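Look for chain A in each of the two complexes below; its partner is chain B in the first and chain C in the second.
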Partner chain A sequence: MDQNVLSILIFLPMLAAVALWLLPLKDGNGIKTYSLVAALINVVFGLAALGTFDAAKPGYNFEVNQPWLADIGIHYHLGMDGISLVLVLLTVILTPFAVLASWKLINERVKNYFALLLMFSGAMIGAMVSLDLFLFYVFFELMLVPAFFLIGNYGGPERVKATIKFVVYTIVGSLFMFVAILYLAIQHHAVAGSWSFQLADLISTPLAGAPMWWAFLAFVLAFAIKAGLFPFHTWAPDTYVQAPSPVTFLVSGVMGKIGAYGFIRFALPLFPVAAKEAQPYLMGLAAIGLIYAAWMALAQTDIKRLLAYSSISHMAVIMLGVFSLDPQAWSGAVFMFMAHALSTGGLFLLVGMLAERKGTAIADFGGVAKAMPWLTTVFVLVTMGSIGLPGLNGFIGEFLILLGSYASHNVIGVIATTSVIWGACYMLWMVSRTFFGEYQGEVKPGKANPLPDLSLREALVIVPIALVIVWTGFAPQPVLNQIDPSVQSTLRTLQSSAGMPVTAVQAEVPGHGGIGF
Partner chain B sequence: MEAHTTTQLAATASNLLLWVPLFPLLGAIFNGLLTLLYAKSEHGAPKPLVTAVAVGAPVLSCLVAIALFFQLRGMDEAARLLTQHVTTWIQAGHLNVGMDFMLDPLSSVMILTVTFIGSLIHLYSVGYMSHDRGFSRYFTYLNLFTFSMLVLVLGQNLPMMFVGWEGVGLCSYLLIGFWFSDIAKANAGNKAFITNRVGDFGFLLGIFFLFVYTLNHGGATLDFLQLKAFFDALPRDAALTTTVATTAALLLFIGAMGKSAQVPLHVWLADAMAGPTPVSALIHAATMVTAGVYMVARCNFIFSLSPVAQLVVASLGALTAAFAATIAITQADIKRVLAYSTVSQLGYMFVGVGLGAYSAGMFHVFTHAFFKALLFLGAGSVIHAMHEEQDIWKMGGLKAKMPITFWTMTIACLAISGIPPFAGFFSKDEILWQAFAGGHRVIYGVLLVTAGITAYYMWRMLFLTFFGTPRDAHRVEHAHESPWVMALPLVVLGIGSVVVGFLGLPHVMGTNVFAEWLAPVVGAHEAAGGSATLEWIMMGVSILVAVAGISVAYVRYGMAKPASEPTRAAWWEVLWNKYYIDEAFAALLIKPLVAFSNVFLKKGAEEHVIDAAVEGTPKVYAGISGAVRTVQTGLVRNYALWIVVGVAAISVYYLFQLSSLH
Partner chain C sequence: MSEWLPILPLIIVTVAGLLLMLLEVSMKQEVPAVFAGVSLVALAFAAAAPVIDWTMHKGAAVKYVLFEGALTVDSYSYFFTVLLIACAAITIVAAWNYLPREHMGHGEVYSVLMFSLAGMLTLASGTSLIALFIGVEVMSIAVYVLVGARRNVLKGNESALKYYLLGAFASGILLYGIALIYGATGSVQLDAIRTFLANPGEGKLPLLVVGLGLLIVGMGFKVAAAPFHAWTPDVYEGAPAPITGYMATAVKVASFAFFVRVLATGFLPIKPYWVDVIAALAVITMFTGNLSAFVQTNVKRMLAYSSIAHTGYLLMGLVALTGSPDGTSAAAILYYLVAYSVTNLGAFACIAFLSKQGETLVEFEDYAGVAKKFPLIALILAICMASLIGIPPTAGFFGKYFLFSSVIQQGYTWLAVVGIINSILSVYYYLRLVVVMYMKEPKADWTGVGGLQPARIAGIICAIVVIWAGMGATNLLSLVPGAAPLLAWAKTSVTTLF
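== the complex of A and B ==
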């Protein structure tokens, strides 16, 4: 089980997708149920992995390392640490939510849609646990294919334009990275005399000078685009708006994080010296990006578009944390993978529910809290999570990141901390214009309501997300316990190879409020 | 290191602390679920059940708080510290924040005030909100507020305090916008939240600064006890110590300015009056808005090291006191008069803590909670009787109709005006005396004049509301005294407004029990210079100024009985419009930001620079749009196919290349 669990997590949804294409299922509900069951089985495996995961184990859990294309040193090398654990669990657990959220929305070409959704999920998990760069690249590209189809075939009226943008951006970025990967392998071969694409091997033969910079920039480009980092973000608003809400939920909630994860796992450890030197610029870019996107959000009149910029702004906060190379900020960034996925993803699902009722323009609404008290309550709660209210999980990530960025570079930290103001502005203004004010319709018990409140299915989708937002805000430590050891050891390795001061190992102070001197 | 090992050891563990905030939290969860379950029913959740839980929660907290107070009092003076470590909250990297609560004499005063006055206001609300459809939702928020406020006060480290800090902000937002069908009220909630966020920006930076500084100098901590040990161990009178303390203090103070509505972050408080009146009493007068003062007192070991920060706090307090008082003399809305009065009184409190007279500042927090809550509840009683009328120019002659309300409000007006032996006299005068004896003559002068203005505007309100002939005969005719659930809290607070002042007697009269109680936390502060005779004289001066203020109000409003505002001069217009600060903010900050975002970013940078650069290599773009035209729907499929094929081809090509390199 330990050996196979990662492979199961990747290929179970993929095989389920292939089987779905082959099976003679015609009935929409049958297909949906099948997909839900497949996704839920994967949840069971995901939880089993969590159950046996040992955060204290150095290196990786559930490691598999088999030669794949042995001639050129390509390995089927998978492994999971605390950082990938968070992402994998997110993907695994959010997939059934995406299936449920699509239930009413998708009524044509149903089979294709759900098969693609499962495919997408499996490929993302693959990218999160690959420890061989070639293998990683395969999954990294593979996950785009179902995404293209999902957006292009099931999206809104401007879906073609959105898909083209998505394609151009991501392909351009990842092709450069592919070239850089090959170059790294060639260099490794030149130094070590053997072929390898394995991360550990390539880290052990670092580049220097101009080749290092070119290769680093190629990685940066690929991951910055994926994470929607300013100024490579403009694919995101179009994609998020045009894609069906459940797909936006997965793309913004999970796929974007792979960009940030790529920096932590690959780009920064492979090029520690470049990372250190580029740090102020990258942090600056993230800080500009988070303010830029927040101000863009202020100017939006469409809820979905506003949320797209909000998501970009929060992703910039995560990137800021990653570039801080700071122990607090890194744990915060990985924690925020989860927090951001739940709050931004949750908001996209909620706005999908609004869209099914009326639309996504703020002007379509006004005062609807009266008609939809449950939906409003959940919406406000998730909004508060998104703007980082303490007691909800958004705060934990944001606090650690801003704290760490301040520790790392105080001027940038101060600039970035203004985000607590902007976030409140655009989110609260949107919420009040959408939900508050005088309601034009009529609400009477027993009468048909043009704006029905949450249905049972919708509640099943969104209420658990809201509860997790509260729970992990009150009790973040169980999550941080999984994250922190991996983050700290990865960071220490990076710091020592970059010639930076290395974070001291923390003495455990059990049951104690603060840290002793 | 030694120092805080000792501090740690001196604390006594207690398992009761958690219950103080827990009862209201459980109440909030219970009523919250009930609200949602009954969201669709016509009458809402069953009121007796909601009431029992909602009022019971703060009462239970209050009982625990009293028990804890006596436990604390029974302990050795130096050892008065109870702590409870619930669990580790955030531990990542060097940061280790415990879910820790701490009760010392300072927080004990606050939890007693919050739970006692909170209980009374919950009770009052049962009457005030009895006809409101949102009855159970209201109490959910009110309990949640009480919980947050108690976490703020009891939190043993800055992040825990911040949890409460933002939590009360959230409840304030929810309660200001409680009647959300009125968009103006919802917007007032937004304004409160966002303005507070500006303050929180400073608070967060203060936390970050302290974290990084302690991290680099021995070990990161945000725990109050450890921070105190850290600052106590810094070399006195060293330039670096002062710089560190000044930076930390001023950043934290920005947070206090937001929460406690100090100029220029005061703009939200008057608008916050959009909320139900008991909310204004509890949150926007008695408790939440004093959190900033409490924070300064809590961090006294930082502020005391920085004369600059202290001067800033005291000066801004004095400025705010005068600024808000002058606005209050023109306002027509009874709640707005009280709101500006609160801003002004908060200024007094900041002068107290800013001058290092922490117990004087906190004493004013304590007494003000009684008489200002009373004033708001009295105003609520009037508004209730007048069927939601808040304009004092439409009142008049209510004295006979509402005797309990009238008499209790009169007591409160005497208290806030500083007439002995009412509570406000002792606390306000202590601050004045500290300013005078400390040699801060300008601050003293400003506060003295402001005291006169305060007496004037409070009695203007009282005369216009209760005296003379009714200006709206019909409504006043039908006005009647409030039911007992509302009248009882008025009476209790009225008694409080008379007696609590005696806890803080000036030392020429006896013992200042209050200051002695706080001394272990904030130190005993004796203003330098100043003899007993001088102190008596200054007291006399204060009383004279207060009487003068009341007299002028009587002449202009009580005796003259004007039907409308007698002056409309230019200066009056400026004050009526609150010095045009809101307009200035809108014109200088908000509009430019929105315009910049709309025009420069949205229509400019995003579309014409970034997007253009991406799509814009003209050939690529032309090619793609050509493809769009010809292939239409099949495009995406083809495109994706081409990508797959392309990636595969490139991969295969490179694989062969690599293989041949063998």
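== the complex of A and C ==
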């Protein structure tokens, strides 16, 4: 079990997808139920992994290291630490929600859609637990394939343009990274005399001088594009808007995080010296990005597009935390992976529900709180989570990140703190225009209610997410306890090899006992 | 051991070609299965010979020098013999009932195909420039005929004539180059040339370099390297789809077998003289192919430019050739050729399947909505496009990986970056085909399409190989080559080159 749990998490959804293609299932509901069951079985395995996960264990849990193409040093090397645990659990748990959210939306080419969704989920998990750079690259590229078809076939009117932009952008980054990976492996071969793509081996043979910078920049490009870091974010608004809501939910909630995760796991540890030197610039980019995206969000008239920019802005906060190279900021960033996925992802799902009723333009609504009290309540709650209201999980992540980034660069830290204000501005303004005030639309008496409140299926999708937002906001420490040891050890190695003072602050929310307890 | 035994594949293929010609005239009613069957059986026997000898040597390198060094049958030529025969076999399956649909004679197409294959097998094992030239000519003349095999189609005739005229010209240049090399070194044997070059006499080098330059031009034409590529799009467009697939793969594979052998065995000592030329050719070829493919509206023309682009990648591999037998670049070229061939054969089989009588459906817009009507064909084409882009886990991805890593290893990181930039450019037009197939509504009239079951089978086989050769650690069912065994095989195959 310990040996195989990661492989199961990756390949169970993938094999379920292949089986779905082969099975003679014709009925839409049958296909949907099948996918839901497959996704739920994976949740069981995910929770089992959580149950046996030992945060204190040095190195990785559930490690598997088998030669795959042994002649050229490519290994099937998987492992999980606290950082990847958060991401994997997120993916595993959010997948059934994505399936549920697609239930009513997808009625044509149902089989392809759900098979691709499962594929997408499996490939993302693969990228999160790979410890061999070659294997990582394979999964990193592989997840593009289902995303490409999901957006291009099931999205909005501009879907084809959006999906091409998305794929071309992402491939540009990852192909340069591919060259950098090859270069690293060849350097390792020159020093060590044997071929290896394993992360630990490549870290042990660092580059220097110009090659180090070029390789570092290639990695930065790949992950910055994936995470939507300014100025490489331009694919994101189009993709988020055009993709069907459940796919946007997964792309913004999970896939974007792989970019940030890539920095923590690969780009920064592989090039600690470059990371330290480039830190002010990268932090600067993140700070510009978070303000720029927030201002863009203020100007939007479409809820989905507004959320897209809000997501970019929050991703920039996460990136700021990552680039701070500070243990608190890192813990905050990893915590924020979860918080952001739940709040932004949840909002995209809610917008999907609004779209099924009427549309996504703010002007379509206005004063609909009366018609849909429950939906409005949940929407406001999740919005508060996204803004970072104390007591909800967004606060914990942002607080730790801002604390850590202030410690490492105070000017940028101060600038970044304004993100809280901007976030509140555009989100609350949007909420007030959408849900409160006078109802703008026509009310046609006698017709069926065009704005029904949450249905049971919709409640099943969104209420658990809202509950987790509240729960992890009140009690973040259990999550932080899983994250901290890995963050500490990764960062300590990084700092010492970059010649930085080693910081060893335990990430605790100051006086966290006081928050809500 | 008799000198004739190692060239058994060559003999079998030639005899089969003659036999098919006789069958054609002696049969009153053409039965496609008979012709295809005879050809496939002959190919199976031809491929069995090297495979059996290979297993008898337990995978170790073999080398038979024959006919006073004119031919050398070694591990290297075994690799290409098997690959070329596989290309021919898939082409025959793809053409099975394509030929009657287009009113083409089986006997003549298959027998000419066999003759061209005989030329290619000569190219795979030739170690004297004269034998190699004969191989080039036997291959080329047969392919000129194949291109024009649709006698009643104007475009086909135009293509054949164009190819023939330019090809004859290129052969002339090639021969002139060989003459100059002979004049400088006093030998046409590659190993004698190598020995000579290790210690060249005073004043001999300029003549030799000019000769080598002409040789490279002639070879550049055969492999469709820019700026000698101008014939490619027209010929690929005009030739019947399965034959285009054959040209894009087998002809290129055989020409590269020649190219690598000549440079690696003969001219490595003067690498500084030719490496910059090849590097420049590689860069020009990649950009020409990829940028031109951008604007194509015809799928066959797009694949023609794509094949030019892939020539560019392969030329990068030539730049990284080194003298050591474990230098991976030659092995990387071999692997890349396998990946490239299987992918293109699959793609052209699908194009043949979808083309409709007279090949009327070959424009991008005709492919709109293919996924709805022919999901399997669309899937195969999508896999092939992914492999041409180099998306894991496909053979094309591993091909690029081996090739680029050997180029970086030899210190040509800049060239690898140029290659990557080109890969990025190529993403767009390959994806466009997938987008059209999967994300557009059907427009074309599909009546009468779907009869070519063998072409579909050829496509399925290619798709399976493309996937497995991109991820397999072992051979699947001892039949479908996996990535690791294939590379190991390529690595042993190149040991006899040096």
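Keep this in mind: the second predicted complex is superposed on the first by the 494 of 517 C-alpha atoms of A that agree within 3 Å, B and C clash if a C-alpha of one lies under 4 Å from a C-alpha of the other, contacts with A are read in each partner's own complex, and residues count from 1 in each chain.
Everything that follows uses one rule, which is that contacts are C-beta pairs under 8 Å (C-beta built on N, C-alpha and C of every residue); 3 or more make two chains touch, one makes a residue touch a chain.
None of these values were measured; they are calculated from a predicted model.
K.L.:
Report for A:30: first if it touches chain B alone, second if chain C alone, otherwise both or neither.
P.N.:
Once the two structures are laid over each other on A, A:30 reaches no partner at all.
K.L.:
Using the superposition described at the top, determine whether chain B or chain C touches more residues of chain A.
P.N.:
B
K.L.:
Just to be sure I read the superposition right, which of the two partners does A:374 touch: chain B = first, chain C = second, or both, or neither?
P.N.:
Once the two structures are laid over each other on A, A:374 reaches chain B alone.
K.L.:
Between chain B (first) and chain C (second), which, if any, makes contact with A:72: first, second, both or neither?
P.N.:
It touches chain B and chain C both.
K.L.:
Mind working out whether A:159 is in touch with chain B, chain C, both or neither, as first, second, both or neither?
P.N.:
both
K.L.:
What is the contact status of A:59 with respect to chain B (first) and chain C (second): first, second, both, or neither?
P.N.:
A:59 sits against neither chain B nor chain C.
K.L.:
Quick check for you: in the superposed arrangement, does A:429 touch first (chain B), second (chain C), both or neither?
P.N.:
In the superposition, A:429 contacts chain B only.
K.L.:
Is A:149 contacted by the first partner chain B, the second partner chain C, both or neither?
P.N.:
Both partners, chain B and chain C.
K.L.:
Just chain B (first), just chain C (second), both, or neither: which does A:183 touch?
P.N.:
Only chain C is touched by A:183; chain B is not.
K.L.:
Identify the residues of chain A that lie in both the chain B contact region and the chain C contact region.
P.N.:
Touching chain B in the first complex and chain C in the second, residues 69, 71-72, 141, 144-145, 148-149, 152-153, 159-160, 163-164, 167-168, 171, 175, 178, 182, 185-186, 189 of chain A appear in both lists.
K.L.:
If we count contacts the way the header does, which residues on chain B are in touch with chain A in the complex?
P.N.:
1, 4, 36, 39-42, 83, 85, 87-98, 100, 156-157, 159, 162-163, 165-167, 170, 173, 177, 180-183, 186-187, 189-190, 193-194, 197-198, 200-201, 204-205, 207-209, 211-212, 215, 218-223, 226, 230, 593-594, 596-598, 601-602, 605-606, 610-611, 614-615, 620, 624, 628, 635-637, 639-640, 643-644, 646-647, 650-651, 654-655, 658-659, 661-662
K.L.:
Any idea which chain A residues touch chain C in the complex?
P.N.:
Touch residues, chain A against chain C: 67-72, 137-138, 141-142, 144-145, 148-149, 152-153, 159-160, 163-164, 167-168, 171-172, 175-176, 178-179, 182-183, 185-186, 189.
K.L.:
Where on chain A is chain B touching in the complex?
P.N.:
Chain A residues touching chain B: 69, 71-72, 141, 144-145, 148-149, 151-153, 159-161, 163-165, 167-169, 171, 175, 178, 182, 185-186, 189, 195, 231, 233-235, 292, 295-296, 298-300, 326-332, 335, 367, 369-370, 373-374, 377, 384, 389-391, 395-396, 399-400, 402-404, 406-407, 410, 413-414, 417-418, 420-421, 424-425, 428-429, 432, 435-439, 445, 453, 475-477, 480-481, 483-484, 487-488, 503, 506, 509, 511-517.
K.L.:
Considering the complex alone, what residue numbers of chain C touch chain A?
P.N.:
386, 389, 391-393, 397, 401, 404-405, 408-409, 413, 416-417, 420, 423-424, 427-428, 431-432, 434-435, 438-439, 473, 483-484, 487-488
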